[in-house]
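Shared between the two complexes below is subunit A, which has subunit B as its partner in the first and subunit C in the second.
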Partner chain A sequence: MSSLPSTPAKVPFYRNLTALKWALQILALLLVFALLFWLYSNYQENISKSNIQTDLRFLDNPANFTIPGNDFDQSQPVRDAFVQGFLNTIRVSFVGIILATILGTLVGIARLSKNFMVRTLGTVYVELIRNLPLLLLITFMNLGVVLQAFPRIEDAWVPFDLFVVSNRGIAIPWYLGPTGQLVLIIFAAIVIAFVVGKLRIRQADKSGTQDRAWVYGFVVFAIVLIGSWIIFGYSFETPFVEGRGTTGGLRIDPSLFALLASLVIYTSSHIAEIVRGSILAVNRGQGEAADAIALSGSQKMRLIILPQAFRIAMPAIGNQYLNLIKNTSLGATISYFELTQVAQITVGNGSPAVPAFTLTLLVYLGISLTTSLVVNYFNRRLALVER
Partner chain B sequence: MKKRSLQIVAVASAAALFLAGCATADEETTATTTTDQGTTTETVVEAAVSVLDSVKEAGTVRCGTRDALPGFAVLNDAGEHVGFDSDFCRVIAAAVLGDASAVDMVDLETADRFTALQSGAIDVLVRNTTWTATRDGSEAATFLQPTFYDGQGMMVASNSGIDALSDMSGAIVCVAKGTTTEGNAALESSRLGLNWEIRSFDETDLILEAFLAGQCDGWSSDVSQLTGLRSAYPNGADELLILAEVFSKEPLAPAVLDGDTAWAQAVNWAVLATIQAEEFGITSANVDSIRSSTEDVGILRFLGAEVPGSDGAAVLDPSLSLPTDFAYQIVKQVGNYGEIFAKHLTPLGLDRGLNSLWNDGGILYAPPYR
Partner chain C sequence: MITWIRRNLFRSVTDGILTILSSALLFYVIWQALQFVFVTGRWEIIQVNLKILLVGRFPDELIYLLGFSLLALVFGISSLAAGGRGPGKQIKLARTIWEAFQRFGLLIATGALLIALGGDMASLLFGLYVILAVIAGRIFGSIRRKTALSKLPGIVWVLINVLPALSLIFISISQAALEEWGGFLINFYLAIVSIALCFPLGILLALGRRSALPLLRWLSTAYIELIRGAPLFVLLLLAGVALEFFIPASITPDPIFRSVTVFTLFTAAYLAEVIRGGLQSIPKGQAEAGKALGMSATKITVLITLPQALRNVIPAQIGQFISLFKDTTLAGVALSVFELLNVGTAITKQDDYLGQGLVYESLAFVGLLFWVGSYVMSRESQRIEKKLGVGIR
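Showing the complex of A and B:
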């Protein structure tokens, strides 16, 4: 032992791997900050030379423009226009996420179908759509489909006297009655359905029968909704063509339709691939075990495969949600009044560009981070809890 | 805990990044110009240097313009900019550099035009831009002598049964995005209680598509633009009708960056010279013969020719930082106001109207050159 050299000489810091790694990281960070500082000081200098506003006072100026599908008045402040743009962005994002998830899941499952037709259709859909640029898809949907393939208002298509479809928008039947109360009713119906479902699961666990909690929940939801609908005197109003527009019902702006359709189609093609991959990633043994206890095909999918697949898919699908939200900004190219369009128009009407777009960036960042938080929450709920 | 702190760092760096993004946004517009980047950044950084000097040094005027407005600025088959606005870009180049062809035409989106001016990506903006108080005040732009006095109007399909604005209750009106047009239409709609749905589009081409497909009842813009668009309508100009009502004042004027008097004066007098030349009756055809034969002192001064005086012949130099023969170069190489108008706007069916000389019933009036 004593023949071995004593402790090796201390490694100098410039050959110490840990120190080197730290030094590189710090250097990289410094470079990034130096770049940011340089850009920011340039901005400050350029701004100070010209007499441009840099604060948010412009939000109080009158907007001087109107927003279609909205009673927003041109004398209201720019602030309100931004709020309307924000709401429109949220509207498209919310509906888009729900529809894209449903369509994407269905196509994803179809891709794994044993039926040749279904499987091929799924593959063609995914490979066609996800290989197209989204902007092109939106432009085509607007110029090619909505403007040209939809009928003019003079010969609008009125299926069952319920809808009015023309290139000036799609009008659908809509409820008549107070909105806030309806939201409360729907919320209450969901809560009651949820409670009934839980009770049903507890009962089924005791008796050892199938719970069918979703069926119970849905029936209860429908009963509560329809019951309150009648009790509180809500009714439907169907749209009809009047002059060169439609009256009654809810009119979906043509650009909203084009944007929503493109976003849903595009995002669903990506979600389909994630769903397909996640289903394949579920351990083979799980499916075989389901077969062994004689679950039907649909039970196997609903009860065994999909719950585990979604656990795998959740983070990736969350990314697609974020993409969809950010992609709503492309609506500005087809004149849908979401946040970006509002920002562009207000800048064109005299608001200072840098603060206006900075504000817009911050709002998008806020929406995206909030979505991330929600997705992460569900992800944590879904993740395997190891005890 | 670690994850949480990572998220905070992520948010902080995102915030820092977009601050940087704000600064780069300006620089990116610079990147769209075709001229060398060196001069661009320098004009931005050095406040004391007038654009006039950087233009002379670069040997070209970077003129913010567009490429798809018939009559004002369109690309011809050779890819050159042709039109009323394009010619005023050339007027400025002829005045400052003595060469009407020394222009870099920088095509801009309507919504980008002021950012391009503020960032120094262009030297002057001649792009159908209405002079308004807000733009003058908060866009860091100085507006100069208007080249065209316009007003906003409404164009409809001839067979629509619409004869006046009052027939357009609840109509869908299509306009270009980021212009005064939106505001004027919104104001007119609320003033007349017509409840228009106003849709804004990025490009005239897109409005045309929507209009052809019957998505729009009305197409609102400056009457001059509507006239140009009508003349180029694919189904024939007779399909369209421009209503008689005009509901706004739209003085279209060139604009330069605030705080650069020398450059502003140079551009201003270049435009004024075209008006003065028409008043004197000087055209590109007769400018040489007038210059050599006239004895009118006013004309000689204006053209930068020697004026005989008590102490020998002298050339008037009003110290505008322009060559003394700038007016001669303008008229010789481009033409006077009337010629430019006749060349580009008369074929569209536009009348001189307000844009006649002051002694001919219009409001074009150049200060004396002495």
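Showing the complex of A and C:
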């Protein structure tokens, strides 16, 4: 047997893997620092030349603008305007995510329908919307639909005497009563319904019957809601045209409607593709097994396919939620007063641009990170526990 | 036929109702669309502004440069498509035509529409030249397969086909300043330049995020997550006011420079995630085989894992390119770049058309161009996906 080449007693440092790895990392770090330093020195040099404000003191200045659909006063500080913009962003994102999920799931299922016409309709919808720029949709909704196709306030559409649709916005029936109380009641109703559903599942597991926890939960939710509605004496108020505006109900600004509609349409076309892909990705054996135990078509979809499909779809759908939230910034192009629009206006009014936009970016970053934490939490909850 | 109808349209009562409802909706939409296109639409606004929609304020006397660039590009692409290695399959003529129609019918139809809108001899002739360039490219490509040219290394072949187009494009840039570019041209320019620039950065970030070295990993992850958490629109706005502070005072950034910078930095983060997905899809055995052969870590990455990873995610990369292509519209509102959507809304405010509600016509035209571009690209990416067999296991 030939002797192995003897290894040297001490590895020189330039061949020592640990040393090399550290050297490489430090080199990379130095490069990044050099880049940052270069940017920073440029920044310092240019700032000293132009003498503009770089801190956040502008937040205390009066805002000097008003926000439509809000009792925001001109003399309030810019800080409050940012808070209002933030709330508007959250509002659009929240409603948009819910509506886009519902519409997207429906269209995604429709694309796999056995019915030829439904399938075609779904395909046309998805292929048409997915390949258009979102900004085009928003511009179209704003200029083409809300401002041009909707009637003027004098001859507004009043379907069923419940809604008022005009180019000054859409008014919908809304309850009368304190907001905080209603939110609390809805929250309580959800909790009670959840608990009842859980109890029902436990009971059903013992007796071996079908649980129908969703039905139970929903009925309890409705009962609690209607009961407290009657107890606290809320009432509905339908909007009506008065002069050159509407009174009563909840008024949705034209820009809000345009933004919300286009975000929902655009995102739902992406969610539909994800849902379709996930349904197709569910193991075929699962559907065949459902057929074998003679579940009906809707039972097969509801109990076997969709729960597993959503597990697959969850990360991708979470990404779409993040996209939707970030895309609300396009509301600024049709002057919906969300975060970006507020930043743009304060900058136009003389606030320093760099800190204002940086602050806006950081807020979006915060929203995105929070959302992805929530999505990741549900993702972990839903993930298949493997050996 | 009747069985088909019963199976696909009227399985049960609810199915029948759904069929009737959805057909009614579909036919109503189609009817409205047809009526808009052929009866009520006033397309003269597009006809008059066709040039500004397509190329912006590009100087008239230099437009021939764009024409030649397009011809060279078409020639190069079709030659590359025809001259790939591998045995030429014998396919029946009818089938070839049908496949070509499926793949390019939409593009041809759009081209024909543009010629019709242009409405003069020159645009018709140019359409003919484009067709000739395609045919010439195919012939040139097939010559390569049959003659000694096939011994050329692939990279030289690619260069032969790409260089004329590239040099013509550079000549166009040097002749007509970028500020004069506009319309659909600038959308394409922004998308292509940004994707080309962000590619190296994206690869580095992806490798960094997968690296075993903690510092590199953290830096790349931080960059990717920071960029992915920020809206592109706000980044563009920020670049609009702040970019000049971070670069030497000798460079004065114009809107196009700003948007290319932002698009590049932004897309790099997303591309890095796509490439990371590709790297994760490579089985461990590949790298281990490289190690067994005594290759260094760099060699394993460059020669084994990275090429396979990039190949596996070609469809996802095209998807990223499509979304960048659509996002170039944001440069219009954020930085007043004179791109297609911006032009489309601006022409409705011309004196001749102001307040006549011609938004539908101009937005329909803008939408058509974007739609055809994205749709054709996504179809091609599906074709590549099938060819690679990535989706099917």
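Simple rule for what comes next: the second predicted complex is superposed on the first by the 353 of 387 C-alpha atoms of A that agree within 3 Å, B and C clash if a C-alpha of one lies under 4 Å from a C-alpha of the other, contacts with A are read in each partner's own complex, and residues count from 1 in each chain.
Note that in this section a residue touches a chain if its C-beta (ideal position, glycine included) is under 8 Å from a C-beta of that chain, and two chains touch if they have at least 3 such contacts.
Small disclaimer: the values here were computed from a predicted structure and weren't measured.
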**Report entry** subunit B versus subunit C as contact partner of A:I345, first or second or both or neither
**Finding:** first
Requested in this report: Scan A:T358 for contacts with subunit B and subunit C and give back first, second, both or neither.
Outcome: both
Requested in this report: Classify the contacts of A:T333 with the two partner chains as first (subunit B alone), second (subunit C alone), both, or neither.
Outcome: both
Report task. Identify the partner contact of A:V375: answer first if only subunit B is touched, second if only subunit C is, both if each is, neither if none is. Result -> neither
Query raised in the report: Of the two partner chains, subunit B (first) and subunit C (second), which one does A:I190 touch, if any: first, second, both, or neither?
Result: neither
Query raised in the report: Should A:K21 be classified as contacting the first partner (subunit B), the second (subunit C), both, or neither?
Result: second
Requested in this report: Kindly classify A:L106 by the partners it touches after superposition: subunit B alone (first), subunit C alone (second), both, or neither?
Outcome: neither
**Report entry** Touched partner set for A:N167, first subunit B, second subunit C, both or neither
**Finding:** first
Query raised in the report: In the superposed arrangement, which partner chain does A:T120 touch: subunit B (first), subunit C (second), both, or neither?
Result: second
Query raised in the report: Overlap of the subunit B and subunit C footprints on subunit A, residue-wise?
Result: 39, 42-43, 45-46, 49-50, 143, 148, 332-333, 344, 347, 353-354, 357-358, 361, 365, 369
Report summary line: Given the complex, residues on subunit B that touch subunit A span 11, 14-27, 44-45, 47, 110-111, 114-115, 118-119, 132, 134-135, 137-140, 170-172, 177-180, 182-183, 186-187, 189-190, 196-202, 206, 209-210, 213-215, 217, 257-259
Report summary line: Interface with subunit C, subunit A side, in the complex: residues 21, 24-26, 28-29, 32, 39, 42-43, 45-47, 49-50, 114-118, 120-121, 124, 127-128, 130-136, 139-140, 143-144, 148, 322, 326-327, 329-330, 332-333, 340, 343-344, 347, 353-354, 357-358, 360-361, 364-365, 368-369
Report task. Note which residues of subunit C are touching subunit A in the complex, please. Result -> 7-9, 11, 15, 18-19, 22-23, 25-26, 212-216, 219, 225-226, 228-235, 237-238, 241-242, 244-249, 322, 326-327, 329-330, 332-333, 341, 345, 357, 359-360, 363, 366-367, 370-371, 374-375, 378
Query raised in the report: Once bound in the complex, which stretches of subunit A touch subunit B?
Result: 35-36, 39-40, 42-43, 45-46, 49-53, 58, 64-66, 68-69, 73-75, 143, 147-148, 152-154, 167-168, 243-245, 254-255, 332-335, 341, 344-345, 347-350, 352-354, 357-358, 361-362, 365, 369
